[in-house]
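Multiple structures are listed underneath, in structure tokens.
What follows is chain A paired twice: with chain B in the first complex and chain C in the second.
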Partner chain A sequence: MRSLAEGLLLLVILTDFAVLSMSRLSACIRAVAAQGLLLGVLSLVVEGAWSVHGIGLAFGTVTVKAVLLPWFLRWAIREASVRREVEPLVGYMASLLLGAGALVVSFAVAARLPATESPPLLVPVALATLIIGLVVLITRTKAVSQVVGYLMLENGIYVFGLTQSRRVPFLVDAGVLLDVFVGVFVMGIVLFHINREFDSISATQLSELKE
Partner chain B sequence: MPGPPGSALLSLALLLIVAPLLPGVAARTRAALTGRRGAPVHQLYVDLWKLLRRGVVYSTTTTAIFRLAPVAVAATAVLAAALLPLNGTAGVLRFSGDALAFAYLLGLGRFLLVLGALDTGSSFEGMGASREVAFASVVEMGLFFAIAAVSVMTHELSLSGMFGAPREAGLRAGPPLVMVAAGLFGLLLAECARVPVDDPNTHLELTMIHEVMVLDHAGPDLALLLYAGAVKLAVMGALLVTLVVSRAAWPLPLSLAALLAGLLGVGVGVGVVEAATARLRLLKVPLYLAGAAALAGFGLVLVVR
Partner chain C sequence: MSLLALVLLPALAATFAYFVNEPATRTGALLGTAGLHLALTAGLWLTPRSPALGGWLAADGLGLIILSLISLLFLVVAGYANGYLRTRSARDRRVFTSGMLAFLAAASLVTLSHHLALLWVGMEATTLSMAPLIYDRHDRRSLEAVWKYLVLSSVGIALALLAVFLLATAQPSAPGARPLVLDDLLAGAPSLDRWWLRASFVFALAGFGTKMGLAPMHTWKPDTYGEAPSLVGALMAGGVTSCAFVGLARFTQVLAAAGLAGFARPLLLAFGLFSLVVAAAFIVGQADVKRLLAYSSVEHMGLLVLGLGLGGWGTYGAVLHVLNNGLVKGWLFLVVGNLVLAAGSSAAADVRGMLRARPVSATLVVAGLFAVTGSPPFGLFLSEFAIVSGAVREHHPLVAGAALLLLAVIFVGIARMILEMVLGERAGPEEPGAEREGAWMVAGPLALAVLVLMLGSYLPAPLRAELARAAVTLGGSAP
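Entry: the complex of A and B
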């Protein structure tokens, strides 16, 4: 069970790096969807015992993170007719290096945190996903890819929450999922309207005031 | 230190003999998967024999470096093979730190090949040389990540020590090993000038990397370079096989059979990759290499943790 959890966590990290290095927006969305699926399975594996709480949480996670949100983002791309490239402010190579740095930092930090009984990789992977999500959020100009970054950030928080899965009640998890869902929904609609008003969803143009 | 055991010499000789089969296996797999018949598996032997009987023409602009390059490339490849524990327990040569010597022997071979290419004064060869060096800088980083990861796992600095001991001693199957092996396969494709990075079959000088550097070599020189390329593929393949499957406790015939089967597997794997993927644009190659190096580096991070 433990080695399965470790394998899943490594796959989560690999999807992080996939998002960092891929240039196509739809590929990024697919990677985040895969990450959502992994997180759903992971919550079951980490829980160990089959409980209604665990299965419900896994099911909700997979539905929201791997099915609904990616579908919605794809819809947003199609409706707003976004160009396919991600257009990073920092090159792919540099963002890969930033990701590698984030990985090293999170492993170093996690070694100093008090140990939990959960799999040892859980905390560093959570931190790395969080930081890499932040990197994506900061370095990409397309609003859709910023949403992808936001999702990764939230995935990191979710993984971190798995360390406390015995203590955090179901309602809190469900509330977080709902928050993210609503948040992404609102972002998508705002995106759509920004695109209609300004013919572009590049975040750099949002800083200029227009009549 | 006792002299090299006979089994080590035997397995080195075996590797050197079967090495030219590997490019043939890869080419045959690629041909089969893309619906062609392809050249016979032993094509490279025939090519080598044909080239060995030919004469050589040296341009008047070239110097001794140009003539040295093929010999040096072949010699470094064979020496690197001698450092690997091919029989499963020990290499023909072994000393503390030979893992670094292994990486730098490959580097030395590449350096001399590049010098030979620059020596011709051809602009195409210069272009190929600059690309080769630029990509090699990332490949080398990844190779060192992989070596460091295995070294930390086993507390050894010698290839024979790392791979020759039974698996319980430290090098265990697990996520780090998978990461390192996957990264190493990605680097193998770059190191041996195979498809996502370079295409051995390309005929356009503008897009060549490795092939363009050997354009001006002919006859026995070219034969040496082709043979060295095959040995390099076999060496990287053998490194990968030794990393994945521990043969330390196996009897020699079984161990050698496993090595051959593993090499065959690597050849088929290269062929499958060549059939399944197109060559990357030159601008994308560093990203691919950084990805492969990052896999190996990730393995290192997991081990050091």
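Entry: the complex of A and C
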């Protein structure tokens, strides 16, 4: 069980770097969807035993993070006919290096943390995914890629939350998932309007409001 | 049971308001829910309160004070919205009403939650329910505002979620101790893991601080308040920020119980002072009245965490200040909104000679200027006095001095703009003609003004008791 969890966590890191390196928006969305699927399976593996809570959580996670949200984001870029490249402010090579830096920092920090009962890779992978999500959020100009970054940030926190999943009741898990879903849904609607007003979903054009 | 009703009633009303087509029914649902909510809240003050959902929902001093503030503010804003919405299209009205009611449900959940993850769910819901309200004007500028708001708030709220998980990690699994339930956290505070607890507080401060609009995470605030309709500004500056304060206060409460107040306080002080500095810097020379109010909100949020970080009387002042700030923000945003509607612009240079054009609103704005800057005889004078004297008593004379200096600068900045708007002559030929002001648009703010005036000289005994109780749980003391 433990080695399976470690394998899944390594795959989560791979999807992090996939998002950093891919130039096509639809590929980034696919990578985040794959990450959502991995998280769903991971929650089952970490739970250990088959329980209603574990299965419900895994099912909810996969539905929201791997199916509904990616599908919705793809709809948003198709309807908005966004140019396909992600247009980073920082080059792909540089953002990969930032990602590698984030990974090193995460492992260094996690090694100094007090121990938890969860698989040893869980905390560093959570931190790395969180930081890489922030990197994507800050360095990409397309509003859609910012949503992808936000989803990764949220995924990192979710992985950390798995250390506590057995203790947090189902109602809370459901509430958290629902909030993430509605949050991205609202962002998607705003994206759609941004495109209609500005003819492109680039956050750099959103610069009328300043002191 | 009434605790559950406080959350479920507005949630059901929000769903109902979205699907019903008859405008009069919808307005009835909005005003009826607001009135019933206030009545239920008032009932909590009178009868002993039993927790609901197995202790997940409970009304303690802090929660009850802020719930009452939000309930009252919501009733006033709902009345104002009744006048405002007549100018909007049918579809906009439906979304707007529904969003407002959803906010009320979420805010009630935040104030009553004694389960910190549930509190987080409510906080995120208040964020989302505000988004369609901010985008109400449907133009480029409001679109930009709502995007910045969504991205920054979502990151903030995500960090707050991490704080909740970190707190769960800090809590050892022991039989009988329910994870993340406030009362069990407080009871078992000595056994919490110090390291995870500190980490949790840092993220809570960053996360809820973003939602409160503490500098330097305040950047969404001027854009959002500047572009949103002024009644949305009233709900956000008086309601959403107060909810975020509850979130931060709950974490502070746990840290204080665990004996880590010494770790939390310097952080809170630093963010508080920095917010005051940023607010003062941007208030002086500000050209837009709604952005001015946004920076004034940054100032008051700074005062709140300053009070929380001082301990002693400062904490008592902070809890009282949440109440005062919420009421005065509702009052000012609504009457300033009247002036902005009359002038057709929120640029201060376009709003001139309002004493002739809108005498009632203009008078209320001038009174509000003195209230919001903490002049006697208004309530904010008392709470700011408690915070500053708390600083002196807790041996932070420099903090007290810096705060007083910054408050004076802010007073001059706000006074200059407001007085010009009310008394100044307009350069162009066209000045809005004098018009009768709708009763819906001035009655609510007037009621809030009377309350703030009352809080300046008289605190009812039950309120004083709950304030003292809240201050003690947050590691402070009552004067």
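Convention: the second predicted complex is superposed on the first by the 208 of 211 C-alpha atoms of A that agree within 3 Å, B and C clash if a C-alpha of one lies under 4 Å from a C-alpha of the other, contacts with A are read in each partner's own complex, and residues count from 1 in each chain.
Operating definition for what follows: a contact is a pair of C-beta atoms (placed from the backbone, for glycine too) under 8 Å apart; a residue touches a chain by one contact, two chains touch by 3 or more.
Please read all numbers here as calculations on a predicted model, not as lab measurements.
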Side-by-side fit of chain B and chain C on chain A, or clash: fit
Touched partner set for A:179, first chain B, second chain C, both or neither: second
Chain B, chain C and vertex chain A (Cα centres) - angle in steps of 10°: 150
Residue contacts on chain A - larger count, chain B or chain C: C
Chain B versus chain C as contact partner of A:10, first or second or both or neither: first
Chain B and chain C, minimum CA distance [Å, superposed model]: 20
Residues on chain A lying within both footprints (that of chain B and that of chain C): none
Chain A - residues contacting chain B, complex: 3, 6-7, 10, 13, 17, 21, 92-93, 96-97, 99-100, 103-104, 107, 111, 120, 124
Parts of chain C lying in touch with chain A, wherever the complex brings them together: 115, 117-118, 120-121, 124-125, 127-128, 131-132, 135, 138-141, 143-148, 150-151, 154-155, 158, 161-162, 165-166, 168-169, 173, 179-180, 193, 195-196, 222-223, 226-227, 282
For the chain B and chain A complex, residues of the former touching the latter: 174-175, 179, 286-287, 290-291, 294, 297-298, 301-302, 305
Complex contacts: residues of chain A adjacent to chain C: 113-114, 116, 130, 134, 137, 143, 146, 150, 153-154, 157, 160-161, 163-164, 167-168, 171-172, 175-176, 178-179, 182-183, 186-187, 190, 193-194, 197-198, 203, 206-209, 211
